[in-house]
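Some structures are shown below for you to check.
Next come two complexes, and both contain chain A; in the first it sits with chain B, in the second with chain C.
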Partner chain A sequence: MNTLLRYAALTAAIFLILSASAGCWSRRELNDISIVAGTALDKTNDPDIFRITAQIIRPANIGTPGRGSGRGQEKVFLNVSETGTETFEIIRKMARKVSRRLYWSHNEALIIGEALAREGVRKHLDFFYRDNETRLNVMVFVARGEAANTLSPSAQLESIPAYDLYRLSKIQAVNSLSPNVDLRDFLQTLLSKTTSAVLPVIELIEQEGETGLAITGAVAFKGDKIIGELTPDEIRGYLWITNKVQSGIILIDCPAGEGAASLEIIRSSASITPEIKDGILQFTVKVREEGLLGSQNCPLDLTEPETWSALEKKQRDAIYKEISLALKKAQELNTDIFGFGNKVYRRYPSVWKNIEQDWDSIFPGLEVTIEIQSRLRRSGEITRTIVPE
Partner chain B sequence: MLNYLLKIGSLLRGKQKNFRSSENPPPLTGKDILGPGLQHNLELLRGLLGDNPDFIFREFLIGNSLHAALIFLDGMADKTTVNESILQPLMYDSRLVASRHSTANADIETLDKTLLAVGEVIKSSHLSEIVRGCLSGKTILLIDGCSQAVIVNTQGWETRSITEPMTEAVVRGPREGFTENLRSNTTMLRRKIKNPALTLETVTLGRESRTDLCIAYIKGVANPKLIREIRYRLQRIDTDAILESGYIEQFIEDNPYSPFSSVGNSEKPDVVAAKILEGRAAIFTDGSPFVLTVPMLFIEGFQSSEDYYSRPFYASIVRLLRFLAFFISTLSPALYVALSTFHQELIPTALLLTMASAREGVPFPAVVEALIMGVIFEILREAGVRLPRPVGQAISIVGALVIGDAAVSAGLIGAPMVIVVALTAIASFVIPSHTDIQSILRFLILIFASVLGIFGISIAILLIMIHLCSLRSFGAPYLSPLSPLSPGDLKDTFIRAPLWAMSLRPRTIGWKSPRRQKYLLRPRTPPDLEKERDSTS
Partner chain C sequence: MLEKGKISAVQLAYVVFILITSLSVIFVPAQPAKHLAWLALLGALGEGLLFFYVCTTLAQKFPDKTLIGINDAVFGPLLGKLVSLAFLWYFIQIASYNLRAIADFFATLFPETPIVVFLLFLVLTSASAVRNGIEVIARCSVLIVPLLIFNYLFDDILLIKDMDFSSLLPLGDVPLTDFLKSVHAINSVQYGETVVLLMVYPFLSNIKKARVSVAAFIIAAALMAGSAARNTAVLGSLGPITTYTTFQTIRVINIGEFLTRLEILIAVAFIFMAFIKISVFYYASVLGLAQLLKLRTYLPLVLPSAVLITVFSIINFTSAIEAMHFTSETYPYYSLPFQIGLPLFTLVIAKVRGLPGKKKGLSP
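Moving on to the complex of A and B:
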């Protein structure tokens, strides 16, 4: 019993000392932190100095239903800007303007100004990979013009622009006309010597007298710099090759007569295979796709198998066109956005060692075979058309 | 400080001198016996019993000449029996006997055999036995010239009738509950198990209270070592009074310093019968409707008698639900505090925003909030239990209004915390037998969580698990069948398998005679009937 009491006293003492001396390690109350929802990086006139704008949530203005405060009247966010030479320095400096410690785990969008992205972003991003609070699933965008401006549009569904942008980016999968890139993907391209990224472009648009935000295209990088812009067809082609098409509409002309048809992509997969034949490096891009007839305005008789094969041919041609456009553009810009080099490294590591240095001269002249297997599966709820034949 | 601790230690050890009040008469020994003279004996007993108004000394004549006296305790002896089955035969009917025998030298044997119309009669000359009998409601018959007394069992006093117990409410199952009367309690058990192997051993404890206890078990099913151990632990108890089975529990439990209870209790005969049939032993205490059962496993708190009366599917879901409720009630405030003060990154963004907006303007840290709400809830609960029923309602209204609504709209407490505490409170009532431990664990884990977040919760859970693994109850590992693992018994742990599939008794308890029923008892059509059906179809 005596020993038991002594143990109890000892345990209590240790517990007290530990909890008192360690403090409450990294404890922070919810009302001591300010949640960062989105971040924008911009160039300033001074080449050594850049600007970070953080979108911070003002929880007091988020109305809880029933309490009747906030919602709609007052802004639920606050954009704070600070300039400096290094990311973390700038972020810490923000404490001059924000009374609570910035909290980065719920940062969901990283927007890079176009001008900055043309100069190179590598050196500004270290913090976002290194810090323990920041996450790698932050969506990365390039903004047309000033990135900071895209953090305060007025026409949006979500009350916090950065979160709206995040959801906007996720929904783009229905069209597959812009890539979805998060920090992890971007980091992989930054770490690779040959592979480069394609980032979606966002810009402010006017609609009904309000400023809205739209994803309007994509830019191709070479290393950490923008090297060129891609057209929608090229973007889709890029997504086909890199196996990132999830859904989307392929618009084709009617096989016979006037009009057009929209074919929905319901399934797709792609593979890139490098091969060395007679000492020459060749690539085969295989794309398998399944689609369905989403809607059409041409007088088609869908009960005829010939109509189907005609449609399937059109579909295949459209995909082929998109892929070849993307390949052509990438080779013109001489940026390996598809990760061809990486494929060579995986399959022929010893060959890769020799050609890695010369990849920039090899890539533009690469021969790529495109193989497409595409199918049209269904025609929706009706077989006949409502357009008179 | 140390001296203070040592002092407490010595107090707990019970080292203080055993002193007995000097006014009490010296204890009776077996040597004190009756003499032949009636008056002498009466004086002797008057001296022992004192002149209390409730001891009745009735002197009368058997037949016409034989002096005799009845001594009984008013209120504890049944008056009808005393009057009609003892006094009447002795005073009137004895004359009929007298026609054949001479009453004058009628010996006690004849009286006993011909005149006492009562079932249970013993003869004794030991004063200690006579006094104890008288105190427990028996009637003492003293006859002049006889150095033996007849102790007639006339016990009968006012008791509460058998009602549905307040605890352990069931939808399906027997509604009767134990009462304060030992004999009627054991009778209820006997009615469930009609087997002479059901053994009842009586022990009397309590220097002043002389409370009767009854150890009940089935010979051949219960482990004899267990019974020996219970006997030993009970006999060690040398205290002044046993007022409730809780007294016994604290004197015999394995782990007096653990917050976990290692002695089970129940108010329902069917529950106690089931436990005895699994190989446990029950301890009935006179004056308490709560019957103790040992050994008790941790898992027993999650088992309800209704699980076995309803079909296995729903019973299994409910069983799992109880585990969930246990975790909710012990962990949820801690998890809330850990997540909202240490690991905000684990909270989905939308939820985090809602929580942050609810915490806006709340003056206390989350852990203080949780402690305040937890303590208020415990106070409300205690008040609700103690207060008379009509006032209790007022308490619940005040509680609901003040902590439910006003505290939130006044900005003292965040709304999510109210939800967490309310959830905790409701969940803790799902496992009634572990309610006390849940409150303790909740605060313990909460404190760990407030210092170290989820690490703290993990440490606390580890400590608790280590402690639980080290516990035993009357030889049975407290965490069995989980640790040590006995796979067969998992049929009745997280789920409840059909009764026909559980052919064996729990291994750690009923291993002396493991087989409970035949194997292959799954319901099936008789083979001949099946053949008939096959041929017709």
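Moving on to the complex of A and C:
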């Protein structure tokens, strides 16, 4: 009898556990959710009201390529927008238009409209870190014009624009002409009193009769507001200093005569060192770079030892110019995008306490020494260019 | 004796490891120490070893007595029982705090699920472990700890590319009082809580080897300091505003768009650890109560205590914010008498009274 009771209890327990393991309250079945791929934040005419556009994947249209493809095929995404005063409020309101619950874990792109970014974005971002579904590795962009528009170009490789944008931003490392910023980096600068962010700019472009999306530059922030735009040279200068250059092309004039050569950046590293000499705060930016000859259009044999070292010097000068341009621009705009203040805090915490308040007046006049060690390592598959001897 | 099981000193070390690291799997209560959290963890190790030394000295003086027996012997039957009651209250409280901590953690991930669901499943699992005695709890720990250590190291390696070690600088700049506050807060929820082992030491096969657990202290401290440093290096200035720092740090892992979303491993590890920690405290309180009431077995007390622990964990705090505030502000001082005050006092009284008295005819 006792054993029978034990078996009954055991069976009951197993049933209980099995029924519970099939799911719980907060389960999200795939056919009950709609996956958000990208988000755009925009300003409206009313200063208290702003607009969020979410790009949602349409599951029914995914996974049936081939038959019936081409023009006229149904879109695999749906853009929903809603206005309101607070982020989560707006997002929940979207349920009026979307029949499934929004799911945020696969949100890969956060696009901020230029107008909103000029006013300040801090107050709109709390949700994206606080919520349990959102993640820190979403990439952040600033859109020229309305951010919502950038979520629906017609020419792209990926079927979902937001994911295309995500990939586009990752591939920018081959040029190092725009920064790659994820939410973690961006929020860290928003939490800093002095360091500010540089965000990539995206805009819609016309190509071959279709609308495409391109990363076209970068803007510098001061705190949570845009303060100015950077030229390509300045952007790469910024990336050199902050040790974010991965690859890229340095275009230089040929040492003699007409034409130019492209030098490819193979690797680089950089360091920023603050130093206090005779009571004066000074900075040294050290950049080490290695490159190779990528291609040339001048009819010279650049691999001759003398021309080769002339090339190396030109490479060094080009890097120097980019860095000094970036420094000049940042000091003009008076925004510490390099995190110089942070470096002082880490090296001289007691000094920092005294100057932190006045950083805005100190930064524009900072003296920065640039030290560059650059090498040109190889010439590729050929030595002399394609000219007869 | 109510408990017939015996555990080895090495098994005890495994239990100690889990008691210490349990909470730190999701966060380190070192907010005031900011980027020096890792150093505060190592500082707390010193304080914790001191506490541990006092407790093991006490246990070795009375090798066949649990805390209840020691209190009776040292303070006399009446006062001793009062002290024992205070300890039992403390153990039940810790079990319920830990239960609440894990339930709050999961409720953050699954906001719609009533917290009672998490509480019940955990407490019933623990009840089953407690019914089976200390041997089973210890053997479970032996199974879990290698997985945990692997988890720690694995995550550290995967995050190397996301780390910015300059976030750990400068080494100064945290006011000494804040730093010491953190050290003590960490000690009180991690190392200090090993005071509960006073209920377990008599079941060691060789009490003289109790201090093997110091190894567990050191390994645990090294791993936790490593993960605290890693958290700071990854989250930087985001660290101080993050609720579950370790958890958020693991969410950052992204190896080639392929090895991502590993945080569930942390959640699973935390379930295991909280299960052991709750079980140990639950076991200590049930066993202690049975000894106090001179019962023949503690089994009838297991389920009623489950109810008690569950209810306490619900009514102790109205919100997770309150629970966290209590853990970092009140608990470090509230726990002082239990973790060091009373054990030290007991030890001193025992010395003064010349306890334990020499058994006749045994020692020359």
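By definition in this document, the second predicted complex is superposed on the first by the 355 of 389 C-alpha atoms of A that agree within 3 Å, B and C clash if a C-alpha of one lies under 4 Å from a C-alpha of the other, contacts with A are read in each partner's own complex, and residues count from 1 in each chain.
Everything below uses one rule, namely that contacts are C-beta pairs under 8 Å (C-beta built on N, C-alpha and C of every residue); 3 or more make two chains touch, one makes a residue touch a chain.
All values derive from a computational prediction rather than experimental measurement.
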item: First (chain B), second (chain C), both or neither touched by A:Leu191; value: second
item: Larger contact residue set on chain A - chain B or chain C; value: B
item: First, second, both or neither for A:Tyr103, with chain B first and chain C second; value: first
item: First, second, both or neither for A:Arg346, with chain B first and chain C second; value: second
item: Touched partner set for A:Glu29, first chain B, second chain C, both or neither; value: first
item: Which of chain B and chain C A:Tyr163 touches, first, second, both or neither; value: first
item: Partner chain in contact with A:Arg135 - chain B first, chain C second, else both or neither; value: both
item: Contacts of A:Pro59 with chain B and chain C, given as first, second, both or neither; value: first
item: Touching partner for A:Asn2 - first (chain B), second (chain C), both, neither; value: first
item: Where chain A meets both chain C and chain B, residue numbers; value: 24-26, 105, 135
item: Of chain C, residues touching chain A in the complex; value: 108-114, 117, 121, 166, 169-170, 172-173, 235-238, 241, 248, 251-252, 254, 260-261
item: Parts of chain B lying in touch with chain A, wherever the complex brings them together; value: 5-6, 8-9, 12-13, 257, 340-342, 344-345, 349, 352-362, 365-366, 409, 415, 450-453
item: Partner chain B, residues of chain A touching it in the complex; value: 1-2, 4-6, 9, 18-19, 22, 24-31, 33, 35, 57, 59-64, 67, 70, 103, 105-106, 108, 133, 135, 163
item: Chain A - residues contacting chain C, complex; value: 20, 24-26, 105, 129, 132, 135-137, 184, 187-188, 191-192, 343, 345-350
